[in-house]
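Heads up, the thing below is written out as structure tokens.
The chains carry the letters A, B, C and D, assigned in the order they are written, with residues numbered from 1 in each.
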Amino acid sequence: MENLFATERLRHLLPRIQAFVETELYPLETTDYLSGNFSVVEPLLLQKRARVKEAGLWGLHLSAADSGLDLTLCEFGQISEILARSPFGHFVFNTQAPDIGNTELLHKYAPEALKERYLKPLMAGEIRSCFSMTEPEFAGSNPTRMGTTAIKDGTDYLINGHKWFTSSADGAAFAVVMAVTNPDAARHRQASQILVPMDTPGVTLVRNIPIMGHSGDSWASHAELRYENVRVPQANLIGAEGAGFLLAQERLGPGRIHHCMRFIGIAERSFELMCRYAVSRELEEGTVLGDKQFIQGFIADSRAEIDAARLLVLRTARHIDELGAAAVREEISMIKFFTANTMLRVIDRAIQVHGALGMTSDILLSYWYVHERGARIYDGADEVHKSALARSILKGYGLDVKRKETR
Amino acid sequence: MENLFATERLRHLLPRIQAFVETELYPLETTDYLSGNFSVVEPLLLQKRARVKEAGLWGLHLSAADSGLDLTLCEFGQISEILARSPFGHFVFNTQAPDIGNTELLHKYAPEALKERYLKPLMAGEIRSCFSMTEPEFAGSNPTRMGTTAIKDGTDYLINGHKWFTSSADGAAFAVVMAVTNPDAARHRQASQILVPMDTPGVTLVRNIPIMGHSGDSWASHAELRYENVRVPQANLIGAEGAGFLLAQERLGPGRIHHCMRFIGIAERSFELMCRYAVSRELEEGTVLGDKQFIQGFIADSRAEIDAARLLVLRTARHIDELGAAAVREEISMIKFFTANTMLRVIDRAIQVHGALGMTSDILLSYWYVHERGARIYDGADEVHKSALARSILKGYGLDVKRKETR
Amino acid sequence: MENLFATERLRHLLPRIQAFVETELYPLETTDYLSGNFSVVEPLLLQKRARVKEAGLWGLHLSAADSGLDLTLCEFGQISEILARSPFGHFVFNTQAPDIGNTELLHKYAPEALKERYLKPLMAGEIRSCFSMTEPEFAGSNPTRMGTTAIKDGTDYLINGHKWFTSSADGAAFAVVMAVTNPDAARHRQASQILVPMDTPGVTLVRNIPIMGHSGDSWASHAELRYENVRVPQANLIGAEGAGFLLAQERLGPGRIHHCMRFIGIAERSFELMCRYAVSRELEEGTVLGDKQFIQGFIADSRAEIDAARLLVLRTARHIDELGAAAVREEISMIKFFTANTMLRVIDRAIQVHGALGMTSDILLSYWYVHERGARIYDGADEVHKSALARSILKGYGLDVKRKETR
Amino acid sequence: MENLFATERLRHLLPRIQAFVETELYPLETTDYLSGNFSVVEPLLLQKRARVKEAGLWGLHLSAADSGLDLTLCEFGQISEILARSPFGHFVFNTQAPDIGNTELLHKYAPEALKERYLKPLMAGEIRSCFSMTEPEFAGSNPTRMGTTAIKDGTDYLINGHKWFTSSADGAAFAVVMAVTNPDAARHRQASQILVPMDTPGVTLVRNIPIMGHSGDSWASHAELRYENVRVPQANLIGAEGAGFLLAQERLGPGRIHHCMRFIGIAERSFELMCRYAVSRELEEGTVLGDKQFIQGFIADSRAEIDAARLLVLRTARHIDELGAAAVREEISMIKFFTANTMLRVIDRAIQVHGALGMTSDILLSYWYVHERGARIYDGADEVHKSALARSILKGYGLDVKRKETR
């Protein structure tokens, strides 16, 4: 625990959570589970969820009103790091994306009827959900360009569109769909978020997109979807009409902390695996990998970079807690690319230290090498964040940013 | 074609080969083939081999005596680059590792009887083979430490050992096995190479090791094997007894050129995919990815690095042709880490330019991201080559290298 | 101010100090002063010291007993950053190395008589001092190897030795000299620190060593010195005999914070210069440097890296305040290489943004490019710190570090 | 010598030149000469020029008609590398920039009268010259923006303007001045090159600009100049009116090879210094720097990078020889940033290996650290070349480059 950000309840909670992760989840890191589809390990994970509930650790992300702990973002971020040490941690604690984001969204913006029907089972871990935004036809770096429409028809919306990278759609009970409802409004005011049950006629899961050769399944999948004349009541609107981007952006603040602390957790665990192997792998009689400066360099750089990244993220989390996300937009951009790159460097070094073993599914690292490469792409590619951050900074020095944005 | 290294026959051959690869093999880069096991596409590839023969392009790596072209290493390297533009190119032309290396080995060192029985069908593409050297219990950076033994018993060898990363063992007709035959000799003189038919009793393919989550199969696999009281005639010895490391090292010279030029081909194709996407992916009305300096930076750096790497490898190939591999050991180390890292950087940039699409198996890049990470590890990790290269250089300045090696 | 580490008195002090630096010291950044010897600007700086005293800002580093503020290390670190924004800041506030370190040393370990005679005028800014440790004949990475000796002769020490990189010796009133007093003790117990007045017979300032072409002078210089039969009373011993390395290491804790926060201040000011130029330098009608993504990349990366480095250093400062330096040795190693490299990258990028102007002494950047390159070398080269950090970490995983150290 | 590019006469010439450089010029690398102004060593260098003539090595860059050797660019490039091993090499052989470029320019484009008067003594080393193009008011990345004008007045030009970074103006006999003569022509057709004797009334050398704290003098200086109503005959026009940029660009082709091979020479010499020190500096009994993997990594990376860069440059030189510079514009961009960055990385590593000594003027490295940082800026900053290269490549993929250039 980074003691600058320690709190009394974290001092009690974190060791218990870490013990759970180590005792209950590390043993699941078998070659089969690391190389197989999620559905193979899922039944076991659902059993582990029962253990989480028994241990009184269920619902760590929830408000007190929902039997949660009302943790600050800075506190929950530190829990997120610990959970991320296992690839199964967040799922077992029901704090996995995109459900955690949908939980926050429904909690704040859904009408009561939707809350009753969808939020409650979501918080109980009885159903899963997805968030359907990205479209193959438009560059993700400019989210306001979108082809999916939701047209009013009586008391319903009629939704048509083509989405992909709708993570965890396979098996989800509902999707939150971004669709253009107000095409004549200003660019950032055109889209809305609408809850669409996955069993609504016209919703087709075209495929789970193979990522790095893995189609995946269930929660661990990224779907291509078609919405063809999908009809849902207008009462399924979440938040105000035209507020789709606003809500999406609001989601990004806390979501960014979750993600980045997850990156830190992965980096930290990779670091431990690297160190452990470095002291145990013998090169010749009396010499182990860790005696070599190349390996020492990997370790020293990784230690400094992970510590720096963690401090950066937790500072931002505290700022969001104290000042709100809008006040620290620059920090929220900054932690994304800094942390994602740090994680990927550490994973890569840890693999290199393990040699051939590092590429196998006998250990955890290759799983992350494959599944976390996206960290530099989703939620804003490095390049998008760097440009946005720099332009925001330069605006403070007098750069006429507006002018350029219209180019 | 790099015109410094152009030859008359390459001027005729290369365009024909490239046309074949583009026409016959690019269409196989479908999502299914990129994400599926090799056995799914294999039947098609075997048909393509027939087309290669029809086109008179079979056996490009062979000597004139074997109906080949007697190409220099520098010439064949340039063909290797072109073949590598498709993940199926080398297999279809029967120039894939490890068979190409075993072909060279048997050609030079196998007794006639073995040649007749194994080399001929290997050159004809009727059988496949593997090379069984690496052991899980010993660090690859020190190849002279080895647990597998071959003990003389009558006119046979009795082989016992545990190997892994025996690539393409699945479906292979025989393995060339490294085993200690002379435990009392000097360290580099203890092992021999012995041909072991895969159907010999006692040979067990434990599993195809899952790499990055993919067990793979057939040629595209990396096996763990056990040799338990495997009995083969001593006539299966390749080269002299105790010459195992010598032969393995000899294999490394040309093999390094094959590999490195393969890396160059992969990098070049990734570069093309990156450029193509950069000019076609629209960010907003009238602006494409390629208009952005971040993307331009990826492209400019990649262009320079690939050109530099290719020159470095082809220079080494020519030197091996003219002076022999022993004379340019430093260069042979140098091209390995320089080229592998160049390739991996270019693949990574190309993925980044493609955004989410880059991670999918809808295009080629993620296939290479996953399957080529090993390039910095196998045949000597970066760290091993850098240290060896530097120590060799410093020896020229008076460093007492021997003293250190014994540490 | 990084608000995680803000304190009430810093909220008052920092803006006043920053205003002083900007108003009084920025105007001194003229081409002449940036390219000339220190003695040219020194008279002006001494006047500025009077202004510091008038403003009640003198002695910020001192204890309350010495009319200072008893600031924590974490507080003073933040002041150090602000002072470092001008190359003259620390000197004008009398907090410059090596005097600040000698002040701490004498304060804690000097006998009363030495304090009266040397510490008082040092704190008053009436004299300067130096610290004479490094020797040209021995690698700095192994400080326990040393040729300088101090042999007891009656009540005196007789000192003989050859030192270099004794910074600020030119014009100093005294040196603290590291010399072997106990050659038969364990390696870390052989040397002692002895105060030697510079006018003692036998002390020769051989030269101010030209660094990057600049010999420098006065405070801004690095001397080569010879000590030939230099006789000083044994009462000039600082701390216990044989405790030289211990004291030197103790000095490193707070000294590291001073240095690293100085690096941060330099990086931050360079960042500002880069941003300012980026918004003002026109490339063509309507386009400035800051509109270009390459420049935006420099800015975004620098912003993230500086913030990360500052958090890392201030965390360590707080830990030293709370737990003592001995408890956080790893952190003290880590911040050195991380921060020095961050600073040098930011300076380099800022120069690149300025183009030809960046290399001139018309602006500040080239001054730092030249004078701060040493940051990756002095007080432990990057390589030494990385190796030490990694070995300390790996010790926690069971590495037998001792064994290796003796190699 | 890179044997791919060896020629018969180089086999004779290069060893002789290298012997000269080592015997005659290395001894001049004293602390005084490395830290002092050029004028201090200049008299000695002029004596060395006499030795060059005696040795029959004068005028290596000249055509046979001018008693030169008619070397190809690829041959002279390799000589340039050897000369660059000493900071005084090019000057002593009279092949220093900007005189070598002006020699080529006058040779091809000057009217006979100017040749007689200026080219002959320039080739004889009796006078020096400068090239006056860059202006402080305009960004160097866009050379077509220029404030200096040359207006016809009778048979004269009347020149007014403000220039800086006119290298070697101090002591030069004449400047070649870029000035707008045709303000109404298309952008690239507005400027002309005019020869201006430095003693013409109205030419003022404002100052030698301090670079990294060094004003320098004589040949080793970079001047700020004012041209106020400077009157020269129109017969001093070089090439056609309006052809200024064309000639400047033509100069860039061979000039780029000279520069880049100079970078290679500097890198190679730095590499040698690094290796030499690595084997001789003892860390402890029996262990030298070169035994350490960090140092080995510096050496291995440097070796590969220098070799790669050299091959890249010599390939381009050969292409220019065979195809002309216009055919290989992309290569000419590529070698600039690749080689400059390689050189600077190698210098930096070599300094790091030398520790404190590396920063001093007791050895050569800090001289280059200071004086070669500009390599990433002058003649097109890295960023300019990368963007130009990428846009040229992408044009081949269909990018509408024109459209963007007007933005």
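Quick note on the criterion: a residue touches a chain if its C-beta (ideal position, glycine included) is under 8 Å from a C-beta of that chain, and two chains touch if they have at least 3 such contacts.
Heads up on the chains, UniProt names are A, B, C, D = Acyl-CoA dehydrogenase.
Model, not experiment: these values are computed from the prediction.
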Far-end chain from subunit A (Acyl-CoA dehydrogenase), centres as C-alpha averages: D
Rotation, 0 to 180 degrees and nearest 5, that superposes subunit A (Acyl-CoA dehydrogenase) on copy subunit D (Acyl-CoA dehydrogenase) via CA atoms: 180
Separation of mean Cα positions, subunit D (Acyl-CoA dehydrogenase) and subunit A (Acyl-CoA dehydrogenase) [Å, integer]: 52
Centroid distance [mean C-alpha coordinates] between subunit B (Acyl-CoA dehydrogenase) and subunit A (Acyl-CoA dehydrogenase), Å: 37
Centre distance in Å when subunit B (Acyl-CoA dehydrogenase) and subunit D (Acyl-CoA dehydrogenase) are each reduced to the mean of their C-alpha atoms: 43
Touching two or more other chains - residue numbers and ranges from subunit D (Acyl-CoA dehydrogenase): 292-295, 297, 383, 386-387, 407
Pairwise touch network: line, ring, star, complete, or other: complete
Touching residues on subunit D (Acyl-CoA dehydrogenase), where the partner in the complex is subunit A (Acyl-CoA dehydrogenase): 292-294, 297, 407
Residues on subunit A (Acyl-CoA dehydrogenase) engaged by subunit C (Acyl-CoA dehydrogenase) in the complex (per definition of touch): 2, 4, 275-276, 278-280, 286, 288, 290-291, 293, 295-297, 299-301, 303-305, 307-309, 311-312, 315, 318, 330-331, 333-335, 337-338, 383, 385-387, 389-391, 393-394, 397-399, 403-404
Partner subunit C (Acyl-CoA dehydrogenase), residues of subunit D (Acyl-CoA dehydrogenase) touching it in the complex: 31, 34-35, 134, 136, 139-142, 145, 164-165, 209-215, 281-284, 287, 289, 292, 294-295, 351-352, 355-362, 366-367, 369-370, 373-374, 376-378, 381-383, 386-387, 407
